[in-house]
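A, B and C label the chains in the order they appear, each numbered from 1.
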Amino acid sequence: MKREELVDITSTRPGTPGGRFMRQFWLAVHRSEDLAKGHAKPIRIMSEDYTLYRGESGRAQVFAYRCPHRGAPLHLGWVEGDALRCLYHGWKFDCGGQCIEMPAEDANFARKVSAPSFPTREHMGLVFAYFGEGEPPAWPPYPAPPQEGLIHCWNVETVPCNWLQCYENTADEVHVAFVHRPGGSHAKLAADLPVISAEETDWGMLRYGTRPGGQVRHTLHYMPNTTRVIVPPLAGFDGVGGWQEIYFSFTPIDDENHLWLITSHVKVAGAEAERFLAKKAEFLEKVRQAPKVMDVVHDVWAGRRRLVDIDHPELAMVQDIAVQAGQGRIADRTKEHLGRSDAGIILWRKMLARELAAIAEGRPPKKWRVPPPDVVPIVGV
Amino acid sequence: MKREELVDITSTRPGTPGGRFMRQFWLAVHRSEDLAKGHAKPIRIMSEDYTLYRGESGRAQVFAYRCPHRGAPLHLGWVEGDALRCLYHGWKFDCGGQCIEMPAEDANFARKVSAPSFPTREHMGLVFAYFGEGEPPAWPPYPAPPQEGLIHCWNVETVPCNWLQCYENTADEVHVAFVHRPGGSHAKLAADLPVISAEETDWGMLRYGTRPGGQVRHTLHYMPNTTRVIVPPLAGFDGVGGWQEIYFSFTPIDDENHLWLITSHVKVAGAEAERFLAKKAEFLEKVRQAPKVMDVVHDVWAGRRRLVDIDHPELAMVQDIAVQAGQGRIADRTKEHLGRSDAGIILWRKMLARELAAIAEGRPPKKWRVPPPDVVPIVGV
Amino acid sequence: MKREELVDITSTRPGTPGGRFMRQFWLAVHRSEDLAKGHAKPIRIMSEDYTLYRGESGRAQVFAYRCPHRGAPLHLGWVEGDALRCLYHGWKFDCGGQCIEMPAEDANFARKVSAPSFPTREHMGLVFAYFGEGEPPAWPPYPAPPQEGLIHCWNVETVPCNWLQCYENTADEVHVAFVHRPGGSHAKLAADLPVISAEETDWGMLRYGTRPGGQVRHTLHYMPNTTRVIVPPLAGFDGVGGWQEIYFSFTPIDDENHLWLITSHVKVAGAEAERFLAKKAEFLEKVRQAPKVMDVVHDVWAGRRRLVDIDHPELAMVQDIAVQAGQGRIADRTKEHLGRSDAGIILWRKMLARELAAIAEGRPPKKWRVPPPDVVPIVGV
């Protein structure tokens, strides 16, 4: 039996090898623009609930979900400065977690009580938090491209399956020719399919897609859950923005759901940036008017509509989620028949299984480095 | 470990100590005005299903949920006089449970079959039933105020959490200053917070809220699930009706849901009563047009809306349910940090744990008396 | 204890005695007219998922649900001729299950991989499949009436309860006088109730309903899940079509849900057939405009509406599902009080329990014959 069948590489629940592994890294948990000053909201990450709020100074903070007094959800309360006050009885906590006020209690009770607070920072339009023990790893979790440009952060999607399925899909270059061309002439595309190879690096995995003409596409897979790749102009943008660098992150909500967070770096400035933003506004308006992605996916899954008949501004998202979450809430990897085109997935699983086995058996895991800024993805098509 | 951590004080499933305890009392199960003559409906109380119907004479009756023949839900059938006829094959039962007709069977079969029927009575606009063994306790379950007045029964809410959380909240006078003043100046209110104390009585618990000025508010907590308190004029009533006596009852549907039943005694008569009823009609019309309370609560829980931004005719209900059911379907009491303001809750849990331990260990429980009419709540503010 | 209490006669999960029993027969799984050429959809039968598709030649095929490569649902893909191509990486399978193309893999990999495919045929407007081992039994699963006529296949309903409850109801002639006459004078009808008797045959069960006047109605119960009976002109058809022969089939989706598939043979031809089809179009238009059957049933179950107050073009379906699925997802048969009118149900359960016990104990089950065309139902009223 292979090691990846002995260790559960999909679970990130607290205490599991995967849960302990993932808690060693900064993880993207929210889109920055979706968190207004003075607002608090609930988030669920790796099967645990948290409060996420942005203080009046602009500081984002991941905090305990429940008040230590009687368990009220803290996001119901008030943000006061960068502190948080519970709705139920007015207990107030500074952003480090210390209780600093208990209106109806003895004066010395507050200093004895605190709530967990988690290192929180922002990068390329996303809020990251660190849920592990001790000091968080180096910052930022991955480098931005060196060029001038504009950060474009996509709508965050909640996907009803284990995070690893969608992560694996980013190492599966062949799927593009089929999943994203329903009804099209895939026979022709099939002739141009890349040959996939991959190698482990000290920050994750570097994957190559070699085309029949000899061009090689380089894609970066950063540990533990982010893929950096160059993609064509976005559908619905009429070429504006050109080829972009995209960072896909897949953060577990629990073992059967995850957040799909996408930030991209568009090489535009000045008037070109204005044109891009205008296209983006148009696109977002179309999205607002369209059925929700998951509603369309559920229609497709139930057989009420055929995927090949769907027209939708976020069609690629519909296609990806339909097929990847369609593999099951947690895909049964024991029934697969993997081929040479699955080389990237095979290597990633080996690395993950090796690391989780080390954690499970108490051996020291690999020391992952922050990715160097000069290793960048290459289009290669 | 404390006794209330050894006994499960939250469960009322049949056979549990809590289930046996609660089945010793009359319990409110429905609002009288919601049950029309000749109508039958399903109710679920303490994890068991029942049929509730009102005979053509006006008599309310709690009855078995299923026909003993082949298990059809009896509320689907016909109310005939004060009897109930099953839809499936026409078996007819008198309100005491005896089968009195089986159209397609041998003549002597009916008298061999009966279905459970439960003592059922009405008081202050609510239907009460007794689910225990032997004779029910004295009637009524609690006294009405002696003054002339009008009974005003609120819309019944189904709350998605264990009954004890919302019951405990009625012993938590401090929450009012915070939960029901979102966005308001709670700092000022905090200065006026009451000091809480409580004592056990032979019918439940008497709780005192002593204000800095020396006034003392008295609130009555009747065993097992009713609180009697004097409250200010209702929101949206412009002061009409004045301070009312309110009886809150929390009846378990199952361990994770309960009915919040509220009846009140408004000291009005004649023209003043007309004005009150006109205000009530206005208020109910606003409620009908507003989003459902639980829909708003779910928006708040999911972080789609902030509680402090909500405007709703039943705002207090939204606030209460958001925070109390927000503690979890069954709150985890092992993680609490209780203070002096929780004195009422602490005493109630001790009493409950003591009684349930007695039941679990086969010792005789306390004999609770029907509350005397002359112990009444006092405003004290 | 009776044998039917020792063997679970309700479950058809793979590996259970009931699951092994049911997999010996052709089972109706879909309405033919709901499956267009070139379309694929998911179906779930006896707790297992499948792909159902109709090739471009018109051939219907039940196929594996997931691609053997990486588990993508095959119904998301393309029907090409009578073959099926997976959306994820373009693997193509012929209708027998052999993989015949893998665009991104080595040329010799495809012939090593296949997916399960199941014998599939069509009869009287329904798609049947065989899920057992070895060769399927004789075809067709039951005879059509010999007369000229028109096949009328009803809308298929998904019923949220175990299949056996609704099947048993077809052996329960007495229910008609009550379930389908709410608000009517059932006292009068009760006087005419039939006396029920039944006998086992080599293809199932023949059941008799003897009326006080001496007429006898014959109903055929074909193993394992189909009942053939003559019924009055359909509600809403104004007598057009006359008395029809109806075949009810109840195919398990899983143990708590089933498909109710109804096909009927209407003895009309020429102008009379045209009139029938016009009435049918009118009726279907009314159904399209009416609330969904299950929405009405849920209103009734929750007590929001009384069954006796409902007006609906598919009222009989609403009534049947309300009472039969109202018995519970899987009815608790241990609490029943059966009478002489339940003779058909009692015999059927005995037969089923005997067969399932034989399977469980490794004894040879009865060899069921295909029903002879000359044993036909008789109206008898």
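The working rule: contacts are C-beta pairs under 8 Å (C-beta built on N, C-alpha and C of every residue); 3 or more make two chains touch, one makes a residue touch a chain.
Not measured: the values here are computed from a predicted model.
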Q.
With touch defined as above, tell me whether chain A and chain C contact each other through largely the same residue numbers, more than half shared, or through different ones.
A. different
Q. In degrees and to the nearest 5, what turn takes the CA positions of chain A onto those of chain B?
A. 120
(Q) Nearest whole angstrom, what separates the Cα centre of chain A from the Cα centre of chain C? (A) 45
(Q) Which positions in chain B are in touch with at least two other chains? (A) none
(Q) Taking the touch rule as given, give the residues of chain A at its contact with chain C in the complex, in rising order. (A) 172, 174-175, 177-179, 182-183, 186, 190, 193, 300-303, 306-308, 319, 322-323, 326-328, 331-332, 335-342
**Q.** In the complex, chain B residues that touch chain C
**A.** 39-43, 66, 68-73, 75-76, 78, 86-90, 102-106, 109, 113
